Amino acid sequence: MKKTLIALAVLGAAGVAHAQSNVTIYGQMDAMITKKTGSTTSMVAGDNNKLGFKGVEDLGGGLKALFHAEMRFDPDTGTTEAGGARPLFQGQSRVGLQGDFGMIRLGRGLTAVQESGAGFEAWGEARTRAAMTSYVVANYNSDPLHAGSSTNRWSNGLWYNSPNMSGFQLNVTLGTKEAQGTGTPKANPYSVSATYNQGPVAVMAGYERNPVETKFWILGGSVQATPELKLQATYAQQDQGSTKAVNPKTKGWQIGANYNVGTGQILAAYGQIKPDGVESTKRFALGYEHNLSKRTFLYVDAYNEKAPVVGTVNSFDVGINHRF
Amino acid sequence: MKKTLIALAVLGAAGVAHAQSNVTIYGQMDAMITKKTGSTTSMVAGDNNKLGFKGVEDLGGGLKALFHAEMRFDPDTGTTEAGGARPLFQGQSRVGLQGDFGMIRLGRGLTAVQESGAGFEAWGEARTRAAMTSYVVANYNSDPLHAGSSTNRWSNGLWYNSPNMSGFQLNVTLGTKEAQGTGTPKANPYSVSATYNQGPVAVMAGYERNPVETKFWILGGSVQATPELKLQATYAQQDQGSTKAVNPKTKGWQIGANYNVGTGQILAAYGQIKPDGVESTKRFALGYEHNLSKRTFLYVDAYNEKAPVVGTVNSFDVGINHRF
Amino acid sequence: MKKTLIALAVLGAAGVAHAQSNVTIYGQMDAMITKKTGSTTSMVAGDNNKLGFKGVEDLGGGLKALFHAEMRFDPDTGTTEAGGARPLFQGQSRVGLQGDFGMIRLGRGLTAVQESGAGFEAWGEARTRAAMTSYVVANYNSDPLHAGSSTNRWSNGLWYNSPNMSGFQLNVTLGTKEAQGTGTPKANPYSVSATYNQGPVAVMAGYERNPVETKFWILGGSVQATPELKLQATYAQQDQGSTKAVNPKTKGWQIGANYNVGTGQILAAYGQIKPDGVESTKRFALGYEHNLSKRTFLYVDAYNEKAPVVGTVNSFDVGINHRF
């Protein structure tokens, strides 16, 4: 009888759990205090603050349906990202199918090239902190038709990701030509990346053409040199010839390292952005993440950036990152 | 001892599950690619994209408290519905009580008449696709005081639904006269529908007066003719005499069918909208839904519509619908 | 073997439950119908309507990471609070750590003084109803740089709450000087409250300086006089000398009572707000909450308010409150 009761309790618990298992809530909160040369001390998001809802449905025969609806917000003000300028589900809103053929999704999200780039930057392309994201992409903007956009996403997109083939994966994003934000795409934008990730080595190559026909390509590589040390590097170039008659090209590169010190990790990077006919912008960045658990860490970062016109900016920040 | 451990594990799981059982997350994502005569290929929501939170509390004696807070969004851009023009909880935000007397709720939601109409249209009044919704309601707008409104909801409403009495149900919505959107209601808007749903037959009759005193009535019926075939029909009329001196009336009707073909269903419909003194708008629509599971299907739709001034529009779409 | 199956089922259920236990959904819906002298009958939020997501992670050694992301909305229209004027996570968006040292959080939320005040008002500072909130704070606004703000929160804040020391607790909020809303703080705003809560007695003292350097202080006390009767009182003063040359001070006080009558409770309060050189505003308020469960109650409220220029306003409301 006791056994029966237990079994019933199990079924009850499993029943409820099953009823709720269609949706998983996930996310991250990250807030930091920062001080930059010439600016007042302020509070901002160090990394993306997200509250996401996702689900996977097994359709049988290896086929799955899946969706993501992922909010982004500013933790310091409680608004949707960028002071309310961005969509509610800024992170992504995609629905699609996954199977032997790979994965096809419709909606909004990071372009194939932008999604592939984060693994080759020491801060994992955190939203702010000392992350070298602008150096990774040579100031390229995937989404120039939306004022205040996050510069790395497309709306009205179709995503294809190949299956993982011995570490190799192909990723494609196609956009429609429909009007959006401040204009209509000149042509269908597209983004293609190829990634290889096996053992200690990862490499990527990507090419993208945005809605105003800026052309962008990128190469990236990383290596787990020792159990403690990971090294990263990227080289990228954009060509704004379609909208800019003079000096349309910009080159960018950066190298980085993560060094595990047991209780946390040290992050370091250096990079340059070189627009045609303009002096380079250069940044040296250093950070430390102190792990409180697998889901939570405290961090400090500092960087020194030299840019034409702006001059030298020193930045310091301290913050907390919590995933759920 | 092992048994005890199991029991504890069970209690633990049940405890957590119980703690979360106050709220159920539900929703739907639906994205499609569509091409219409004279328009570029674009991505839109085929049906409502929603992320809802609901709960029911048993108060004893047959009484229950219940709430719904239901977001709507555009999957192609990640914004709240209609490019951010609509409320966060556009789907509904209602709280109330249910008991032997029926159900009373306060808040925002579909009017009684609009909520009853969806069962008499072949696409279940999907948001776009080839759905005949405008033919069902003869272009009537329940909510003319909100620019960009979904035309079928009221804010500041009180809902009453009678208990189901041998298949018969009475539904009433009353609105306040408080200022909203672009104006103040001329009188308290109200909406009344009676529905009968028993065995293979369903019928409805509804009458509604909106905030600017447009009068609307509708009749609907459906029959499950064979195990595979369901037929639907509606006839409706609106009278805009309160705001339009000349030709204030518009009539609309449509007939539809759903035919189950095992792996999915075929949908078909034809309808006309006839405003006083203006030529009719006519649409013939056809669709197919291919079931991947009870929660997920792929679809294709096509329609041909002839309207005065606009001329002939052909529309084709293909999409995916996933419920969670 | 059967035992093994049960164990697996348990693990399965526990696994799912564990996966979801990082986030707890909580909230409240509250809608009421109200009629005030000179206004049409309308529907509004009686108390805060919230949908919150929170989590606590045990980091070991008494240390915890915690977060809150709490939406607020208008149930009558479905928009984010105040017709969409306020942030998505208007309730709060905070992340931080808790330990022996107390609790430190970063983000947005009620100021220390505002958070402490609610326990000394008969309606618990419900959003509207007959709550005496403006009397508690003498019309003070913590957040004057945001048009349409809720007047009691700060963005870009750091919160410290001491541990509970024999009923005594110290609470501090510090704000940055960064630009926000319609301006930049003149100085770092800060808010300090000390609370004592032991047995039948609770008292508080608070001092706050807002971003435009308005100074505010408050004293509050409550006593559970009998098992049925709780009495509350507050006295507060604000000094707007930094922005207002003439008559900068405003005083406010109120007394209240909650009387438990078994099936619910009676609420009563009286208060005055006295700005320098202007006649006082006075309110007498009465309410009744009828409990349907620990999570749900129905209520009626009435108040009579006499204010200079406006004259006498009588208000009546009836509503429902449901927590989840």
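Residue numbering begins at 1 within each chain, and the chains themselves are lettered A, B and C in the order written.
Following the convention adopted for this analysis, a residue touches a chain if its C-beta (ideal position, glycine included) is under 8 Å from a C-beta of that chain, and two chains touch if they have at least 3 such contacts.
Keep in mind it's a predicted model, so treat the numbers as computed, not measured.
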| item | value |
| --- | --- |
| Same-site or different-site touching of chain B by its copy chain C, using the half cut | different |
| Cα superposition of chain A on its sequence copy chain B - rotation in ° rounded to nearest 5 | 120 |
| Length of the line joining the C-alpha centres of chain B and chain C, rounded to whole Å | 36 |
| Residue list for chain A, restricted to those that touch at least two other chains | 6, 10, 13-14, 17, 20, 25, 88 |
| Chain A-facing residues of chain B, complex | 3, 6-7, 10-11, 13-14, 17-18, 20-21, 24-27, 29-33, 40-43, 49, 51, 71, 73-80, 84, 88, 292-293, 295-296, 319-320, 322, 324 |
| Residues of chain B defined as touching chain C within the complex | 2, 6, 9-10, 12-13, 16-17, 19-20, 22-23, 25, 53, 55, 57, 59-60, 63, 65, 67, 69, 87-97, 106-108, 155-158, 176-178, 180 |
